[in-house]
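Shared between the two complexes below is subunit A, which pairs with subunit B and subunit C, respectively.
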Partner chain A sequence: MTRHLLEVEGLRTEFKRGEGSITAVAGVSFHIEKGEVLGLVGESGCGKSVTSLSIMRLLKDTPGKITGGAVRFEGTDLTRFSEKEMRRTRGNDMAMIFQEPMTSLNPVLRIGLQLMEPIMLHLGYDRKKARAHAIHMLKLVGIPRAEEVVDDYPHQLSGGMRQRVMIAMAMSCHPKLLIADEPTTALDVTIQAQILDLMKRLKEEQDMGMLLITHDLGVVAELCDRVVVMYAGRVVEEAPVRELFANPQHPYTKGLIQSVPKLRQKVRRLDSIKGNVPDLSQMPPGCKFAPRCPFAMEHCRTREPELLPIAGDAARRSRCWLTQDETIAQGGDAV
Partner chain B sequence: MNETPLIEVRGLKKSFAIKKGFLGRTRYLNAVDGISFAIRKGETFSLVGESGCGKSTTGRLVTRLLEPNAGEVRFEGRDISHMSHNQMRPLRKDMQMVFQDPYASLNPRMKVKDLVAEPVLIHTKLSAKERDKLACELLETVGLNSMHAERYAHEFSGGQRQRIGIARALSVRPSLIVADEPVSALDVSIQSQVLNLLQDLQEEYGLTYLFISHDLSVVEHISDRIGVMYLGALVETADKDTLYDNPLHPYTQALLSSVPVPDPTLARERIILKGDLPSPVDPPSGCRFHTRCPSCMEICKQHAPAFREVEPGHEVACHLYDEEMMKLAR
Partner chain C sequence: MLDNSLDNRPGGAAVPLEAAAPARTGGRFKTFFRKFRKQRLAFAATCFILLLLLVAVFGPLLTPYNPDTPDYDALMQGPSAAHWAGTDEYGRDILSRLIDGTRLTLAVSLSAVFIAAVLGTMLGLLSGYYGGWLDRIIMRGSDVLFSFPDLLLAIGIVAILGPGLSNVVIAVAVFGTPSFARIIRSVTLSVKETLFVEATRSMGAKDSRIIWRHIFPETVSSIIVNVSMRIGGAILAAASLSFLGMGAKTTEPDWGAMLSMGRDYLSIAPHIVYFPGLTIFLAVLAFNIFGDGLRDALDPKIKS
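After this line comes the complex of A and B, so read on.
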């Protein structure tokens, strides 16, 4: 087995609610290689953000808990790390940027100080060197007048600038893995284009792995190499980005791609997925997408399909009886 | 051709006073700075632009939730821009609004049937029983169930709540619906359901929409004509196909090229604008887009371009398309 940069295997995260618990992430598996951008796509409540928080072990202050599976970073299981070991890993090896650049910066500290803190902590630089490095990072992410901005407070910067600062901070200790949770969702389109351009450039220059969490298929097509589609806490499809858009296998992925209006597409009516995402506490038995699926068959409602490779294409996996019937007919574990 | 437009807006201006500091002088934020457009009966006119461009303020001015500082709004030919509350009231029935946030725009303490029928209570003399019946019919029209009438808003998902908001707007049979980012808060699979519903209702009831959105793909899908706004002003208006096939204003061009397209095989030359939106409190001199414009000329820094028709139905505010100005510039 080759060692992946990040390998998530059978990850399960549950949230306590009253007496019982609800399962937000129910056995999610995927991997990311060095220099690769993996897109994690899905609608609200599908568990994509909880997956990223679980990877970073940032669930401590929530009712959430990892109850199964493994998160291996360069072969080492992070779920077994102590908080102290984890703190060394965060920032150093893996860093994260969040959706809201407004709320992820401390409003009463100057930008520079916030940038210098992880640099001094993780790289062991002294103040002077850390400040120089902070300015260097600000320049790297395309902030004009970096020498002055470093002494500004967050409220003096625009949303796009703040997101650049967050990216600079995340990148400052040269992480091997960057987790970006909806990094451009709160931004205007022209600013989003700037940030996507920046992330593309950084990915090429820095050769790091990236987990990009988004609901925007346009952003996925723009930036990702491979894509994992999540629905109701599960991975339903995994494919290289071109194949995913050219020939989606899972009915949910198909529905998702068809329901997005595309520029110059000129259709009278949009295809839409009927119904709503199921409540996490009232999951249907069988395939979780069956109640909304136009192709649902009798056994879809009773038996949940597994995430299995698609016949003839080892790079693709799908959790659907439609793509699996043949393999099952051929004796089950044909692949 | 010469039929009165349902809505006609001329030279509309609205500014908000902002105070800075303890003894600070009052400054003005020009949210909408002299815009003109018309919406014909039965068409969907969209305003697109980035945050702070004044598109929502325009929606509120058109429905007279705000009173303009200058200019006029004509509804079926009558100037409503300075009407009193009492004069406005009977007209409000004809113009309804659908809001962006389906969580904040529905009173959590009211049952769905009362939410939906509240405009009817205000504008008509129907009895409670008749209102309930109407509410149930409306719920079915927007794809909900009449059984939902007795429930409260929190029991519904975002998409369902937006349907309730649409049912409420429909209840008084308006001729105009101003929809301010009605699908921005929704997931993609739900977004397409609501867009389809809006189109069906338009066909069925002959509605006219003023659709406000930042999403150019959604706007293209739903609109007949589109106005692009930047910092409180319209920079370009055209019918949909003209605008998307042949955008003239450099801002429209950049905006269109910035939209991420869900097609990984597409390699596009992208226009990436420099810098951020300037503050509307202190807009740039001359053309307000000149600080970010890739084809900025000397003249753009001094003179604001006029909003002119360059071909039938296609208006743009840019010196590049003004031959006299271009001569001067040379």
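After this line comes the complex of A and C, so read on.
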């Protein structure tokens, strides 16, 4: 098997709370190839962001800890890296864009200085060269008057511009992997489209892999090659983007797609998935989605299905008894 | 202030306020100055402090008499045209001694507060940023120091180190450090949680860089305010120690020591005590009002 750009295998992240601990990410596995955009989808609290922070090993200031699994970047396991090695990786080999462009820049430092920081750190440029590179990056992300903007403070820019600056910063050392944690959520729709186009263009120009975390299926359809759907800290479905939308397998994915409002559809109420994400400290014993699942069967509530390839399609996996061999499900009362 | 609305970040630091001010108005300093000047009392206090500083710098040029030369023809004389503040028990001109002592007093209190600020800021940054056992050790240490009354602690330290002005500086610095550590720690804790710190970390920045580049600037306004608030206390503490005979030698023109010497002649020549006492009072008051004014001007949450 060929080496993936990023391979997450059985990742577990737990948060200490009082005496016990809560498993926010429970054995998540996926991989990203070079030049590929993988969408990580799920509702709030399903462990998407914790997964991304675990990959970057940015959990230090939280009570969270990686307790199992591996994160292999070009074959080397990042979970075994020392903090120093990890620092060299962050920003250099892999970079991250955050959800809130309004607060991800230091308000008291000029944009140029903040852009130059990682450039000088990772590429070893001197100030003059770093500044030139910073201006170049600002131009690359489509900021007009880049020579002037480089001396501006963050408050002088709009949200969309700031997100462009964040993208410029993340891209400045030519990372092989870009993790974008809901990069467009805080922006208005027209700006969202611009930022998505920009990310698409940059991805193609730089040939990097991208992990796009979002709960916006529109963004997924726009940008992603493959999609991983997460629910309650687990991967419930993995599929190429077209097939996911055309023929979702897991009931949760179906629900997600159905709850997107459609044009030319005369409905009074929007579809939604009934109920809430289960409390991470009080997980149901069987399939985690069973309490909300319209297709739930008897054994769904007692035994959790594995994430297994779907018959006849090696690229797809699903964690549902419906898509799996009924004999494994002990001949339960299948639909 | 219009730009208050732009600033709702935790920490209440001054720097974001200034950053939020439109660049073309010429700046952060102007905004600050406009706010500060509105407080008349603080402005007057500032003028008095500037006067004290000038006196401290040019002291020897301003003294009408040599502060150390006794004049046995004019012992314990009351205020007169020749001696504005009278003379002490050796006939030395009190005004000259007060002017000469300004340098000593300010040097002692400023250096003590400066040392406390540097030490406290470093401890606070480390404690707030790293947390864990380091935080616990530093904070419990400052709790121990906090549990002593300030002056008692200083007396204790001087008792161990021995009397002398340099030991007074150390003693006053030691009891000033924990308050800086606590204040800076709390600012650090709130700045550490901001997204821009996490974003910087995600770009591979070192801890030291995050602390100095991103967190320290946010603490500066708190440091400035606390420094100005503590100088008054430090002057008083240094004077008290000198008064108790643990600081300046009685031959030195320290305000506290002058007070202490005059005490013996309180009934026959009260002016020997009045003038040093008044000077200490005014200096402490000026620094305290200045500190309050500075805090109000630097805190974006307080509307002018």
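Operating definition for what follows: the second predicted complex is superposed on the first by the 319 of 335 C-alpha atoms of A that agree within 3 Å, B and C clash if a C-alpha of one lies under 4 Å from a C-alpha of the other, contacts with A are read in each partner's own complex, and residues count from 1 in each chain.
The working rule: a contact is a pair of C-beta atoms (placed from the backbone, for glycine too) under 8 Å apart; a residue touches a chain by one contact, two chains touch by 3 or more.
Model, not experiment: these values are computed from the prediction.
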Subunit B versus subunit C as contact partner of A:169, first or second or both or neither: second
Partner chain(s) touched by A:255 [first = subunit B, second = subunit C, both, neither]: first
Contacts of A:125 with subunit B and subunit C, given as first, second, both or neither: neither
First (subunit B), second (subunit C), both or neither touched by A:81: neither
Touching partner for A:107 - first (subunit B), second (subunit C), both, neither: second
Contact breadth on subunit A, by residue count: subunit C or subunit B: B
Subunit C-contacting residues of subunit A that also contact subunit B: none
Touching residues (chain side subunit A, partner subunit B) in the complex: 43-44, 144, 158, 160-161, 188-194, 196-197, 215-222, 224, 241-242, 245-246, 255-257, 259-265, 267, 269-274, 276-277
In the complex, subunit B residues that touch subunit A: 50-51, 157, 159-160, 187-193, 195-196, 199, 214, 216-218, 220-221, 244-245, 254-266, 270, 272-273, 275-277
Subunit A - residues contacting subunit C, complex: 56, 58, 61, 87-92, 95-96, 98, 100, 103-109, 114, 117-118, 121-122, 153, 155-156, 166, 169-170
Residues on subunit C engaged by subunit A in the complex (per definition of touch): 6, 9, 15-16, 18-20, 23, 131, 192-196, 198-206, 209, 213-214, 217-218
